[in-house]
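Let me begin by presenting the structure, written as structure tokens, before commenting on it.
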Amino acid sequence: MAWRRSRPNHGRRVWYIPDGYLPPLSSGPSELVSHESLCLLNPSPQEAHVTLTVYFEDRDPLRGISLKVPPERTWHVRLDRPEQLGGHVIPRGVPYALKVESDVPIVVQLSRMDVTQPNLALMTTMGYPAE
Amino acid sequence: MAWRRSRPNHGRRVWYIPDGYLPPLSSGPSELVSHESLCLLNPSPQEAHVTLTVYFEDRDPLRGISLKVPPERTWHVRLDRPEQLGGHVIPRGVPYALKVESDVPIVVQLSRMDVTQPNLALMTTMGYPAE
Amino acid sequence: MAWRRSRPNHGRRVWYIPDGYLPPLSSGPSELVSHESLCLLNPSPQEAHVTLTVYFEDRDPLRGISLKVPPERTWHVRLDRPEQLGGHVIPRGVPYALKVESDVPIVVQLSRMDVTQPNLALMTTMGYPAE
Amino acid sequence: MAWRRSRPNHGRRVWYIPDGYLPPLSSGPSELVSHESLCLLNPSPQEAHVTLTVYFEDRDPLRGISLKVPPERTWHVRLDRPEQLGGHVIPRGVPYALKVESDVPIVVQLSRMDVTQPNLALMTTMGYPAE
């Protein structure tokens, strides 16, 4: 509690990211797979309980994906791997967006690796901090 | 209304993005086309009425492109497809910039896929929140 | 003046960007050249008088590059073209950083196209708004 | 001191970046090496004393990497080069995150060049300003 009082801006509790997309294809000579990583950083001395909401263009949001990030740890969550999302599946080839909520302040960034063509492409953005 | 009062920072009503550009060329072995996606996320329980203003280097802005985003939905608007812009055309090969206005708070991100050369390149940024 | 009072946050007057770099090489089958574009958007009804300061790792800053952006216009300034910088030269192959100052609020983004290798790479970021 | 009082927002003293990763491979016909650059800009008239904390997924943070940035200089620190980190090593192929602390306000951006495949990919983001 002392940390949160003394470090009120070291992270936020709600973040949004509008551009999520898992490219359907992967190619090339290597073991690389098109994917996105949701990079969570918990700089606080407490475990962070994180909940994801996945928004789509044409259907109701997928709610209730729960993640835990230990104190002073980062986790680069692979969004194409259901085993990292408690079994929930974000479909490939479908535009989506994310809300990330945490009980302690964290910092959130989303990065995409696209290997649709033989050479990989990258993009990244910090999330939009809402609370 | 209750949502907006309780979640005053869950999005903004005016966003700016200086770097818009639709590459004129697309190449390579696949069906990929150089384009930009304006990724809108409406996390509120109300439909968002969105208006785009397109700024150019050497002519007056193009105003009045209207879009609707349903509550709790995202829309990754393809800026190279006039049918998604009410028939308005953003010309390829011309530098432009965007203002995005909404009657309810939304979150805005712009991403570009460039396939001028056989392998795609990506870049993205969150918009600049003005109001 | 009325616009600035009614739209106090529609842009900023001082922006910083730490990562500037003009790749020394360009290759590939096309006319593409490695470059950076400093994308300025002036949404106000007044002309913006913009000044750039270029910071280096091992020498004093280059000051006094002056640019003008007409009202309601964008300008994607090519930083590898001295003729767009009043004859000033930002050297290729040297890490640098930028301060962008304006007398009216503007929005600033920096994008890099790297064609060191045959297929282009892109990256972009909004500037850091300081004032 | 006068500068800091008159320019209170020209940089921040604490920044976070969740997505750090040094790709383990480099390939292609050139001398390019996969790497990240931590781009620091010190616009103030005082030397900046900077400390890095490196967070991991499965171990305690690496603390105490010290850097100095002269007044009105930028430094694009190569995170894959221990000689630039006082001998500290950030391992390749391991997800990590960064906290950047400075005694005077600075601006912080992280960029990655990935040459796992013959053609390079780029991504960049401004850090998240916490204090």
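Think of it as A, B, C and D in the order they're written, each chain with its own count starting at 1.
Keep this in mind: contacts are C-beta pairs under 8 Å (C-beta built on N, C-alpha and C of every residue); 3 or more make two chains touch, one makes a residue touch a chain.
Bear in mind the structure is a predicted one, so any value in this text is a computation, not a measurement.
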item: Degree value of the rotation bringing chain B onto chain C, based on Cα positions, nearest 5; value: 90
item: Same-residue or different-residue interface between chain C and chain D, half as cut-off; value: different
item: Centroid distance [mean C-alpha coordinates] between chain D and chain C, Å; value: 21
item: For chain B paired with chain D, centre-to-centre distance based on mean C-alpha positions, whole Å; value: 30
item: Residues of chain D engaged with two or more neighbouring chains; value: 118-119, 121-126
item: For the chain D and chain C complex, residues of the former touching the latter; value: 7, 9-11, 28-30, 32, 37, 39-41, 43, 72-76, 107-109, 111, 118-126, 129
item: Touching residues (chain side chain D, partner chain A) in the complex; value: 14, 16-19, 21, 55-58, 60-61, 95-97, 99, 112, 114, 116-119, 121-128, 130-131
